[in-house]
């Protein structure tokens, strides 16, 4: 397996020059665009890796399935779906999903910014500090590391460049979907996006979802199986932004990307995969990362279709 | 003339029950929906009136042509048009005029909220307090009353129910069109919307625009004629929200309505008209007010077409 | 006057190189882009002209106000407005004004293709041949020439390149707004667009509208004054495609342009103006033509604002 | 298995009254809305069924994956994706996926009408008759019945009520995506939608896709495995109209519905399922059919997530 990962990594390295690192906040633009790493954790706990798989980066949109999972745990699936929908929007992740007079909950989903912001308001807690701490605890279990922290520089950078997210949040508030203080909600969201992980953590999270809620090492259940199926399904249809349809055809597994260049992929019953390569395509997905997953899927017949 | 106004007012009174007062902020919903008043000031300074023409109400969207005028005076027409467009948007006044990735300045104009918020940032002044004081001075000249004040209750109500406007402002900021602090800009905008006037003041403002910048009493010029033509033209195409086309056909004169129920109308070279009747149609225009203007236009051949 | 026209024409000639002739059908692309002509007919019948004012070209969108006028004469204003709206759409002339499930009559108006196609179905006649003959008769009166014909080459070119208009017509049919045979309706529309005129004809048509329905020579009324005001008003708000707002500010008179490069302008009570210059801007309006009208408006104070 | 199917069928029968049969063409509205049938064919060829599983109905949108498959066989995946995209559109199946000036191939996919019409033009054949015959042959193999015919009444009804599809096709033509004669292309499309099948045929088709291109009885390959994965993936993300996201969560398998009330479902490596129940929800999917699939998925752990 290690040999295979090394070979595919070398084959995909040229693609790191075919995209560019996110630059909407200065902190992300500082990352080395030539980095490339992959980490695989099998359902039974076997680890394999290659390349820059221990470099730290922030979760960004990859925190969205975690926000969804915590909101599902706290409220149940019905309550979530009454607030936001689950359909692909056919639009970029930060789109203004509003018509002239209406904001249709069916056009928001937990994998786009609007929906993820709503998830923050659905996590239980007496304060936003408490909500965030509960999210951190779940995140720690998912990535298999309870020492995770947030990247302060990225967090502050997000916070000071967050006009688009503020617009989305105030729009939600004007339509009565968000009731709490916008700045407090967004602070929680910006902190969540700034949680620092590495490929190993992403692979661990993928393995927990692949095992439908059980930890790969101990097999201990940390959340019910139906919630894993829920999250995996929405990752399949909406996890790769408006590139999800093509990813389903080319790779064929549930996955979530982030603008930091990470991809967290789930091969149900088989393995979790973590990828890092910050050069992005126009949709915000890692170019070399998708290519690597495509090759891995072909070699190991990972597609679920 | 007084007799004519009295007669038309009685004919139109039934229409005050055909709409409903704005209720998006509690303060506006408190107004008496059966009120109806009209005030006319001829170009040579003759005053005529009927009904509830001295009841106070707030400018709301009728401050938009004043914001535009001040911005034009401070920056010139070219600078304004490089920031926002002048085309009708085909959408409601508070529409999100943004596509997925773009916010096209051609789809914003000074008569919709987004454009009016931008105008606030273009008014000169070392602070937003100074900008607002300059706007108040111009407004005082236009409405012929330098003792005007803002309605504190409406202002505070606007400020605490302003999520949609905050969304619009942060959207402008995220696209680099608005650079100042959003809350400071919006505070200026909310105050401007809360300036208190009556039908007499609107008629005076209409008369100044009809006289292309000269006061109706003294004939003293307070702004250049081309700016009056500029404002009158944009009132014609965009002044009555997305009911401007029908208003052009039925009434045929430049006018601006506000959700407080006022209409400020301009009959170039002939007169200014101020109307007040808070019961609104679905587009946000005064029902009885439009009907009264239509009849007045037919009786006095006011249409410029 | 002639001297003025000659001077302005020379000043505007350089603008003929700043645009390009319409090329969506081959026939229009054959026209000489450097042509420039202007013709003015005063309300009392005085004629003045300069440049290429007798070159023939097709009405194209300039037939839209004639279709509207005939439909108004045959059905009255109420019937027309129940079918299509009068608001500016904020979109290009051939836009698909339909949402996912709805086609809102308020988003169509007689100055955009969809609305003009509907007008064809509202003209009275036992056959489309008879409808077209009635339209030709009205057009002949308006342009002051009962020998007008259609340009066969343009007509056939429109007909064979008419996929977009077919899409619009079938969309109208699918929403129940158009009931007749699509090809028959479109044949009428394509023929109407292909009627051949010159600047003199446009100026005559403008003069009739300026005189609110009376012929400039004989003063004979050919349609009621309120219909002229109706047409002039809609020209003001929607006559220059999505450049109508800027035209209102820069020129300030009702006008209708066509992709053939013509502009028919109305100065209420004063004059009609016909312009020809086939080099168009991106919105489909004649570049030199608008510039010439702007200068003429400044020299003669034509703006109605 | 049969017992399970019978029991679930009874549990789901009440849902047949919770929707209504499609009525956009009169022929479909004639169907008995209380019908409910299910048919399962395992990968190894075992058949099980319950209810009205041999009632005939038309393929409608369920022909879309067959059109895609034939186009893929004739052109390869690259050629298809250069013509149309594969992303979910976030819109209803017959949406006008066009902006003002552009029609973006990325916003069309083979599971919405526009994309399916394009597929017709990509099938090889010297005439549209030959193309259709090739499609019929593939369809016969997929549904395991080479005696299938089209339902003439439905075909003629589609053809005479096809304004919306004509609008879509002319829009494609106006953007250069469709080059052939629109009526010829649509005739092929309407015939394809009118092919008559039953639950058994759908189950057979599902089994072939589940077996990634091999017939369930003989195990004979009729198309390459990668094409099956391609089709299954696009069914997962776009097969149930704009209800695909919720279907992924609730049922978790690739499937395609049609407005006739059929659903063809694929459980990769395990089975094909055919459902029939003509009462539809607002998105055009069979109400009882989805409910039955949901229960079956829970009982047999069919979800691939």
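As written, the chains take the letters A, B, C and D, and residue 1 is the first residue of each chain.
FYI, a contact is a pair of C-beta atoms (placed from the backbone, for glycine too) under 8 Å apart; a residue touches a chain by one contact, two chains touch by 3 or more.
On a predicted model such as this, the values are computed, not experimentally measured, just so you know.
At the interface between chain A and chain D, two copies of one sequence, more than half of the residue numbers in use appear on both sides, so the contact is built from largely the same positions. Distance between chain centres (mean CA atoms), chain B to chain D: 55 Å.
Remark: chain B and chain C have CA centroids separated by 32 Å (rounded to whole angstrom). Among all residues of chain D, those that touch two or more other chains are 91. If you check each pair of chains against the touch rule, the ones that pass are A-B, A-D, B-C, C-D. Put simply, chain D touches chain C in their complex at residues 91-92, 95-96, 98, 100-101, 163-164, 166-171, 173-174, 182.
Contacts from chain B toward chain C in the complex involve residues 77, 81, 85-91, 107, 109, 228-230, 232-234, 236-238, 242-246, 248-249, 252, 254, 268, 303-305.
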